[in-house]
Structures are given as C-alpha cells and as structure tokens.
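What follows is a pair of complexes built around subunit A, which joins subunit B in one and subunit C in the other.
On to the complex of A and B.
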C-alpha cells in the first residue's frame, strides 16, 4: 500500500514534469516564416526536378511515403506503417487515412503505384535504378502498396523520401507529358503547404493547407521563399530580420560564423544526415601520371585536410581518410590506410615513381578545375594548387562555369577537379555509384568519373548492396573501404558541414535527417 | 621636342602623374626582389589585419601576403594595360589611316566595320572573347585590344581627312611619293600627338577592363591581379576590408595617374588648345 502510494506520487511528479515541459513547448499557431531559396529554382514541381532548391521548396508541397530520422531510421509520412519480409524481398506499406490532394481529390494507393511504376522512373535515374530491382509494385487495396523485389536490396528504403520518392497525383499526370504538363505551374501535392504565388526574381509563397491530414498542423500560416541572388544581400536579409533562416550554402561559411554571433541566433549542422555530403578531388585515373597509385597517394599526403576544414571551410566539417563519413552506415575507420599531411612523404613517393624535378623544380604538369560554387571553393582550389606546387606538380587552373564544369567532369576532360557528392543514407546509394567501374562517364557528376576500375571492388559492392544480412554487409563494406583507401581512386578531404543559421524563435526547424527539405508541418514561431 | 618636354615639366598635374607612374614601374620591376617567389604562396597566418609584423597590408583568407599581391599585381596590370593599348593603337591607326587617306568606298567599308565593333557593348564583347579563348594573358590582351581600337581608328581617320587636303600632302602626291610613304612619312607624324594622348588614356581604361574581367573570375589564374584580389576579397569585406581595399586603392591611383599624365601630355602637345581650355 505504502509502496503503491510512493509509486503513484513519483509517477504523478514525473507526469507533471513531462506535462509542464510539454506545456512550455506547446506550439503557438500562426505566423509567417521567411526563408531564402538560392538559387531560384527552375520549377517547384519536385516530381520532375530533384535539384537542391526544388527539394527545399517542393518538400513542403509534396510528401514521400516515409521520411528519415536523424539516425536514418525510417519515420512515417504518407505511409503510417510498413513491413519488410524476413527474406528482404517484400515491402508492404500501409497508407495514412483521410489524405486528400490540394485539389480535394482523395489520395490512394493508385497514386503511389503510378508514382513508382510510371512517373518517377521516367524522370529520375536514382529512383529508376532502385525500381529496376522490383519485380512488381501493386496495390492490393486502396490503402496498401506492396513492392516485390527480385533480390534483397536493403537500401530500398532510402528512395522513399520526398525527393527520391515524390508521390504525385495520378489524376493529373497519368497519360500526359510529365515535363510539359501545365499543372507543373500550379503544383498539387498532399503536403502541409499549398502553392500560392511565384513572383519570379522576388519570392515564392506557400500557404497553409487547411485540410492537411495531420490534424492541427501545420502551425504556420504561410512560407515565403525570398530570392536574393547576391551573397552579401542574403547576409543582410538575415541580419536585418527580413528572413529568419539561412540554409547551408546561402552565405559563405566565414559569414556563417559572423552571423551566428548575432543575438538570438543559433547555428546547427544537423539536418544533412541523409544527404551525407563528402568532398573530394576527382583525379582522372585514365591519365598519366595519375594512373600510378603512388601519385594519388602523394596527393593525399600533400593536402592538409585540417587546414581545409578549419581555415577554408571555417571549421564546418571533419577530415576523412576514406570514402565513408562518420554518419554513413557501415563506416569502419579501423580498416583505412591513413594519409597524414606530410609533403616530404609525398615528394618521396614521387621520387620513387621516377618523377624527378626538372631544373625549375617541376615534376609533372596537370590541369585543375575548381568547383564554380562560390568563393570558398575558389580559395580551396588556390590552396590545393599551392600545395601541389610545393611538391613539384605544376598546376594550370582552368576556370569554368557550372555547365562547363559538369560537361568536362562527366566527359572525363579533366586531370583534377573539385567535387562533392551525397552518400544518401546507404553505401548502396552513394558509394556504389562513385566507385563501380560500370558507372563512369555521361552519368552525372556523382559517378565514377575518375575511371577507377577494380573488379574486386565491383564484386564486393554487388554482393554488399544485395545482401539482406547486416553483419554480412558490414564485413563486405569494410573490405571495400580497405581496398578503396589503399587504391585512392579519388583524393578525399572532408565530410562537409552545411550549417543552418536560424533565429531561436523558430522552433522544431530541423527534426529529421532531411533537415530543411522536411515538410515544416511541425515548425512554429514563438511570439511573445 | 625639348619645348614639349619643358611644357610637360611645367605642368604640375602631368608631372605628378608621371612621377607616380615611374614609381609604379620601378615597384613592378622590383617585385621579384621585394617579394621573391610566387605571390600565391601562403606565408603567414590567415586574416592578419594591416600593420601586422611582417605584413604591412595584412594577409588574406589563406595567409597570403596582400602587399606581395599588390606589388606583383602591378606587373600584370601595367603589362596588360601597355601591351593591349599598343595593339589597339596599332590596329586603330592602320585602319584609320587607310580609311582617311583613301576615302571613298574603302573609307565606307572600314568605317562600317568600325561601327560594327562600336555598336557591341565593349565589356560584353571582351567577356565573350575571353570566355571563348579561355582566360590567359594572351587572350585578355587580345580581347582588350579588339574592343579598344575603334575610337583610335575614328580619331586617326579624322586627322587624316583634314591633313589629306593640306598643301604639303598635295606636294608629296605631285612629287610622286607612294601612298604608303605619304601615310607614314608625311601625314602620320603630324597626327601623332592626339594618338599618343588617346593611347595614354587608353592604358587606364585597359587596366580597368582587365581588372573588371579578373573581378568576374575571367582573369589569368596563373597570376595575381588587382581585379582578382578585389573580386576574391569582395565577399569577405565585412570580415577583412583590407583584402579588397588595397588593390582598389592601387587601381584608383594608377588610373588617376594615367589620366593626369595623359592630360599633361595633351596640354604639352597642344599648347594652344590647352590655353583655350583654361581661358
């Protein structure tokens, strides 16, 4: 009796604390959130275009079956629950009740089947590659969708987020030319915000979806995505309070540090766990002397990754020695060959190759293509050039614009190029496409543009990507990391930090691994 | 000649410009002695403010010496300014002389050709040319020369048109001199003074043009130039004003000095015009 009383009292106290905490954090409805979208997207119809700014805006209008937590665990979105059969071949999704499109039509399993069998494979290579692994996608009833696979593919869950698996309305798109459908101008989704107005060069306005399937959400009345083409202008917009959030990349990293010191402003590098960006130098393994692994190892030793992270990227990010980052699943740093900053060792490796310096100290001459994504990348290129000159490699810097960079990188017309890619929550997504020998040129910038060719790696990746056993996958991917870090197909420098700046009055801004591409159904503004 | 020199020396503004330019040339020539090695090298801690020990103008985001960049940048700016202006003057003079001397359809043809270049915004054309031929010292000089010659051609043509009808030219024609000889030995020497003045002012605009190209990232990435330094420092102006301020001051002073010198030269070469101008 006494025990029970104590227990009740403790329980009551705990509940009181919990309730009190919850009350203090109860979302306040209403308000408008001002953001920046940079650069201005070509469209906000996320189905047909998967660029960063399109995902950012379109992620509020459209939804995927699931979203991914900060730990990359799948969380419900349009699917309220799912089962994966023990053999890893059958994925069954149960859809939410009472979901309607922004035009009032009901959302059903037919929309999901249409999206994955017809729409997405036609417009997005990543989703097509995943759907090619299915033998059937069916809807046994209006609220259930079943994906049947030919062989296990545990990374499948990573294509069901809002970008890889945008669910589009069948009643609008079936039988039309998706890219040219006039409805793309007035996108219809299931998300918490509806498209209202797009004043080109000024802003995109979304408003609250009153009939959103999560009752009581979204908390905000409207979202404005302002378009400010100049980096200094974006800084000022944040400083003056015109906008309350800056995405990673909106302003240069060194500006983030300064703006982060303003009162009531916070910085976070959360919200990129799914994208998991890693920066490296693409080196063309087809060209001499890069084809010699000793040369590539010399490059690894020639660059001070700590300087790159701390000085050039203003302390955002972490140096890496191999193809995985600390957030990539199956990351195993123990197997990696280490390449500490050591110009002497780099020179020794070049000497060993027989690349002796000539009268003016030059051992080899290479072309270097900076990434045309702003000043930070230009400084980075200048730094690398200076480091390479230091070990006797003369570098010709070739300034290119973005289309030029894409064109030359994807056709193999380069010696060294800067790049960063997303690893997308599973090695089978981001790692395989970067190192497998069958995915080389004319397949986008996140491919094996370097021409790295190792049948052993191809075989291991093929096995690991299609194994249903996590322990087996861990072992295989560890072997892959060991070989890759020994072969140095690219010069890895760091896992990138994309800091988000926001005013602390904006609550629940980043809650999942999709970060700012999330729906914002839970975001609210604390107004005194 | 001595008379011209005397008049130039008496012109305080022109002398000031000349003195500054001479100093700049000396500085540019002495750059490898003052700051040996590549100015791209990282020599200090990043972001040192001006007047830091060893770095009078501070260092940039990677720890490169701003003073070394400004001094080495002077070489490139002066080199590009002089060579491209010289090219433009040669092209413009040749075309203008031929048009002005022969007149009729040759004149029409060359002037329409000149107008073709004049109707295209020169900076846009320069950007396009540099982008097509990929940025290098050579392509930048070429682009600046191509967009700068039309005013020279028009000027020389006008001079030739007026000089063409003078008695000494007629005498030379009657005397049986070849057109080429008349152009170069009779008329051109008499048209020299406006050409020189235009040319000296053109150096200033060439330096500005090169700086603007470098600012946009279309400079030769092998060399540090003032425009590049401003362009690179621009985004950091809130953190490190000195990165763009010092090369900016260098461009400002150089262009000012060139204009002052050009004006002084003009006054010295055309004393009557100068006096009229002042009256």
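On to the complex of A and C.
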C-alpha cells in the first residue's frame, strides 16, 4: 500500500516535470506586461536619442541588423545572415524577407544605407566614428547591404545592434530635419511592438505589431511602461504587483535584495554583457599631486574594492584591477599589477613622494565630486572620502546635479569624481575612448577626461583596434592592460552588476547580451 | 469704477513683477553649471566638439548672455514661449498637458485643507483647554512637523501595501480604459491618498490659525454685547465670531492657493502624479531652459491672479475693507 503510494507520487512528479517541461516550450499568447521606464525619456524615437530609457522602450519599436548573444556572438535580427571577407574589409548583410514598416511600407536595403550613410552619422557620434572607417556603404540589391572598410575594424559588428545601428525609415526621414521631424512623436519602426500612446508623466503604451515579420510573434498583446519618479514608489509598484519587472537602477541595490525575497520573484544579473559597465574614479592626471603615478597607486591601495562591491553595491558586481572586465575575451588578468587594499602601503607611497602629514595629519587637499545617480553612489562617495581621510588626504565634497557633473567632468574641472562606462562588446568601442590621448575634453563622459597621455598606449590601441587577426589583438590588448594597470590613469573599482528583478511568470525575459533593450518578441507570460 | 481702476493698477504691477521674475529666473538657471548641450553630451556617452558646437548654436547658447536675455524677453513679450530643447515640442503644449492634473490635485487638497482645517480649528477653539482642543492641537502639530514625503510614503505603505484599498500611484488605472462615471470614480480613488497627504500639511496650518483667531475674536466686546442682547448662540458664531475670525484665514488661503499651483513637487513625485511640479523639476535636471522658464512664468502669473482674487474676496468677507482704498 505504502509502496504504491510512493510509486504514484513519483509517477505524478515525473509527469508533472514532463508537463512542466512541455509547457516551458510552448509560449502562451496574449497578456500585458507592465514595466517601469525611469527616468521618463524625452522621446522614444531611438534613432535620434540613445539614452538608456529610450533604448529600453525604443528597442521594442525599432530593430538593428543584428543583436548580440549572451556570449556577444552576433545573432540575426533584420539581417538573416552575413559574411565578413577574410581580409576583414568587406561586410555583406542579407536582409530578412517580408519585413514591413509599421505604416505598411516595405523595408528594403535602401533604408539600411540611408540609416548608416545619412541619419545615424548626423545624430550619434559613436556610429559616426565607426562609419568614418568605411569607404562605401551600398545596396547591390533590395535585400543586400555591403559595408566596405578602409582598413580592418573588427569592432564594427558592435555598432549594428538596435542602439548603435537603429534602422530608420528612409521614406519618412530623407530630406528632413531629423531632430524636429513631427514623425518622432509617432515613431514608425519594424519591431514587434508599435507605438500606441504616451500620457506624459504617466505611461507609454506599445501594442502588438500584427504584421511582424517573425510569424507568430510577439506573444504579448501590449507593453506598458509606467513612469514612477520616486525610487520608493518603484519598489512599491513592484511589491504590489503593479509592475512585473524592475530594471537595474530602478531601485537601489540594497532594495533589490529585499524585493528578491518576495515569493515568485527572481533576480538575474544577465543581460548587461554588451553594455558591460565598469566603475572607476576619474582622477585628473593634469592636477598636482595626482599627476604623480605614486599618488594614483596610493589611491588604488586606499580603497577596499571588496567592501565597495559587497557593502555599497549590495554584492552586485566584481572587483577589478584594470580597465577590462571578465566579460570581454581580451581580458588578461595575468599581466596586471595588483593593488590589494593596503592603507599602510598607500601612506608609504605618499611618504615616498614627500607628501608628509602636517600637524593636523593632512598631506594634501582635493575636491571630490560624487556621481549624482542616487543613494548608492552617494554612499560610495562618502566611503571614498573616509578612506582618503584615513591616508591623510583632506577632501572637499562638491555636490552637483547631473548636468553639473557632466559639464565639470568633460571640461576637466575636477580632482576626483566617479563614473561608469559601457565597454560595448569590444575594446575598440569602449576602452580606447577612455585612454587614448587624442580624445580628452568636451567629448562626453566616457572620454579620457583625466588627461592621461602615453604615446605607447595610443600606438598599441591604434594597432589593436584595426588588426584583423584575433590572436594579435589579444596580444596587443594584453600589452595595453599591462601598461595601464601600471600607470593607473583612473582608479578602477569594479565591473558592475545591474540586477533585473522579475516575476517568474514572465518567461524569456532576458535572452541576449542586450538584456531588457531586446525587442521582447519572445517574451511571454505564463498566465494561469 | 474704483474696482476696475484697482484691477488695472494691479495688472500693471503684475506685468512688472513678471518681467522681474523672467529676468531673475533666466539669470539663475544660466548660473548653474551645465547647459542643454552638456546634458545631451552626457546622455550620448560619446560626442565630438563639432556636435556640442552645433547643439549650442541651435539653441542660441553660443551668443553673449545679454543678447540671449534680450531675445528671450522679446519672445515672451509676444507670448512666444518657444520649444522644449529636449522634447522638441512647444512648451505651452507641455504645460497645458500637465496643468489639469496639478490643479485637480492641489485644488482638492486645498478644499480638504480649508474645510477640515477651519472646522477643526473652530472645534478646538470652542473647547479651548479641554480634551478635543488638546487632541486637535497635538495632531495638527504632528502633521505640521512631519515631512510631507514621509507622510506620503507611510500612507502608501498602510493603504496600498498592507491594506490594499487604494492605488499607490498614478492618476488612473492604466489599461482599464474606463468611461464616464467609472473613469471619474477611478480618478477619485487615485486622488484620495495624494490629495489627503498634501492637504494634511495645510490642515495643520489652518487649524492653528483658525483656533488662534477665533479665540481672539470670541472674547472681544462686540461678542459679549451680542450675547447680552440675547442673540442666539449659533447666530453669534456665524455672523459675529466667524466672519471676523476668518479674515486672516482668507489672507493665508490666498497666498497658499498660489503656492499650490507650482508647489506640489514632492507629492507629485511620491505618488507619480503627472503634474506640473514634476515637469518643472525634470526640466531643471535637464537644463530645459525654455520649459523651466515657461513653467515659472505661468505659475507666477497664476499666483498673481490668485492674489488679485483674494483681494476681491476680502471685500466680500469684510465690507469695511474697500477695494482700491
């Protein structure tokens, strides 16, 4: 009797598993997914604005030629396949069949050529820089586009995602002022969701594109992006079930841990592989005593990166000792100079420089400009101040808001500040800009605002960025990492983890390295 | 006639005040570090100098400050508020889109505050020194002292999270697409928490003000005379005490009515209410000069208008005050 009961139970469990497995394979169509977009974007026309929230919403309306997997390998999107010539100079993309714009007009290779030759270079510096490396972009037929390069640039694939390479409709934008085109209010893309309504200050609604080129998709009927300006409000919206997903940064990391313990809720740090954010302290190499490498090394030793990750960022992220993260295949930790947390050593380096403490224990005085991105970054700045005071550096905190931070950082009006930069899938995209001496002030926050200048690094980065040989690139980038970690142009602390919180009934939420900026064509809700 | 002269005089003054506000606000926001080009640069991640230059030229930010100011004042004089740098839309559209939500919230709060505050204040004064007075005074003090955003958060925690009675944020149930009476009820449900939260702070002020004013008036000679003449108690309160005690309340209310138009940033933020306070706050963070200045001008104009109305109401409440005197 007892045995029979056990057998029945086991059988039931097995059948349950099988049924569960089968269910996991078959998406249920329909339903509405509630999300939060924070802060409210100025537009959802992803062609003209590349801000995070714009990519999040616009990434469902527009598409790129490709997307990037969790391993950063290119995956088909508007291009179904592609070839790169062995010399690395010719990129040929074959476009999907049967794609139409949301207004019913057919999508062709002309749209792609227009996007990369006219539209994007006018509005987006990153794509312009990449397209400046091409000698021609042509459409031999309606379904083929060819990019011809002047010299190899293997990172080129990293601008064809939906943000760097937003494909926009030529029939709407050709010959217009892109920024002021009234069509920006009612964006027309090729993506699985169409723009429906934007109640300013309240929500943005997208609805299913019934004519989407991937038949049977998307699974969801509608997406709502709620606008909730207060971080506590966003927590409550998730807690009360009003929204089913919180993006990294929507609530503070310490709050993520609490919300993650709610029933039927999961946390993942996947979906940031392409962006690959790395956090560091910008230190103005032009100013004394920061211009002395021993001072910068002392700062590396003065900050406990494990504390930063585990306590301040609530355990999301990993400490780093150099400019690369574990996400990129070019990462080579073996060549790095290590800077373990060691205040004694930091003080010794300062002594060696001749920066002796005065009667009140002060060796130097510096300005510290926190990153005004919320509570976590404020705590981070407080912690760094405390550590600097500990090694005898008096700190004057200078609070600014975001535009103030951008202005002062990009004009070099700072001693120490905080930053994080997206590495964007390839060192040529996300590393070179921060360390090459030709890209310093007034060129955005990811530039070499620190004024670091090493001709050897400039040369190696130039070679590595334009080599078609992966092995040679790896060797050159290893050399760069070795020099940079010795020179300490910035004070690296960690590669960041941006946790996504979601209810487990939401399936296929994060499947690629673009994470929540994906099209959501595959996302479905397991409705009871 | 005198009234018309008075109103005309006030309108002239209003224009001068508005001009002062335009110039002051213009200079203040330009004094903060970071301009719209810097914001765009920050958002784009990577930019080049050519891009920054183009943006500044497009917004006219590359011209001398005095010239920019002159151009702006000239535009405002012809009621051209310009376009939002960031949203590329006329700023007046953006403001009129958001103003109704703010007015709904603040006028409801104002109504609640006036009604409840004055009633409780009178109640406290009638029982001065006894337990209803104590209870009301202490409660008023507490709500006056506690920060608005904290009350808002606690209200959400209690009435939306622990007891799921009321929605925590927004102005409507998104996606429900209610019509007619359902839409109205839905909006009221969403309005209760933010309007009460915003109202609580003002209730506290009105309670204290009314109580003090009533206590002062009810001991005056004319009240005693009225009682001696045998006038019924209810009439004494209505016609003699309240009518006199309400004057300072009208003054206070008129000042606050103005504040309510632009001053609900915190409540709008905590409850995700799509109003003009948040619009202004976002515009500041994005250095959206045109939008921010237009919000300043519109709200200032409304404050001036409310004050004018208050002066006229004065004359109604107390015939001794002559408009224009």
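As a convention for this text, the second predicted complex is superposed on the first by the 504 of 528 C-alpha atoms of A that agree within 3 Å, B and C clash if a C-alpha of one lies under 4 Å from a C-alpha of the other, contacts with A are read in each partner's own complex, and residues count from 1 in each chain.
The rule we apply is simple: a residue touches a chain if its C-beta (ideal position, glycine included) is under 8 Å from a C-beta of that chain, and two chains touch if they have at least 3 such contacts.
Quick caveat, the model's predicted, so the values are computed rather than measured.
*Asks:* Subunit B versus subunit C on the shared subunit A, clash or fit?
*Replies:* With subunit A as the common anchor, subunit B and subunit C both fit in the superposed model.
*Asks:* Touching A:433 in the superposition: subunit B (first), subunit C (second), both, neither?
*Replies:* Second partner only, subunit C.
*Asks:* In the overlaid three-chain picture, which partner chain does A:406 touch, first (subunit B) or second (subunit C), both, or neither?
*Replies:* After superposition on chain A, A:406 lies in contact with subunit C alone.
*Asks:* Contacts for A:232 in the overlay, against subunit B (first) and subunit C (second): which applies, first, second, both or neither?
*Replies:* A:232 contacts both subunit B and subunit C.
*Asks:* What is the angle, as a multiple of 10 degrees, that the CA centres of subunit B and subunit C span when seen from the CA centre of subunit A?
*Replies:* 30
*Asks:* Quick check on the superposed pair: does A:422 touch subunit B, subunit C, both, or neither? Answer first, second, both or neither.
*Replies:* second
*Asks:* For A:221, is the partner it touches subunit B (first), subunit C (second), both, or none of the two (neither)?
*Replies:* neither
*Asks:* Determine, for the superposed model, which of the two partners subunit B and subunit C contacts more residues of subunit A.
*Replies:* It is C that touches the greater number of subunit A residues.
*Asks:* In the superposed arrangement, does A:378 touch subunit B (first), subunit C (second), both or neither?
*Replies:* First partner only, subunit B.
*Asks:* Of the partners subunit B and subunit C, which touch A:397 in the superposed model: first, second, both, neither?
*Replies:* first
*Asks:* Subunit B and subunit C, closest CA-CA distance after overlay, in Å?
*Replies:* The answer is 7 Å, the least C-alpha separation in the overlay.
*Asks:* What part of subunit A is shared between its subunit B contacts and its subunit C contacts?
*Replies:* 232
*Asks:* So in the complex, which bits of subunit B are touching subunit A?
*Replies:* Those residues of subunit B that touch subunit A are 38, 40-42, 46, 61-63, 134-135, 217-218, 221-222, 232, 235-239.
*Asks:* Please name which positions on subunit A make contact with subunit C in the complex.
*Replies:* 32, 34, 39-40, 42-43, 49-51, 124-126, 128-129, 179-180, 184-185, 199-203, 205, 222, 224, 226-230, 232-233, 236-237, 239-240, 242, 400-408, 410, 421-422, 433, 442-447
*Asks:* Mind listing the subunit C positions that touch subunit A in their complex?
*Replies:* Result: residues 32-35, 38-39, 41-49, 51-52, 86-89, 94, 97-98, 101, 153, 156-157, 160-161, 164, 168-172, 174-175, 268-275, 278-279, 282, 285-287 of subunit C touch subunit A.
*Asks:* Could you pull out which subunit A residues touch subunit B in their complex?
*Replies:* 231-232, 235, 252, 254-255, 258, 311-312, 374-375, 378-379, 382-383, 385-386, 389, 396-399
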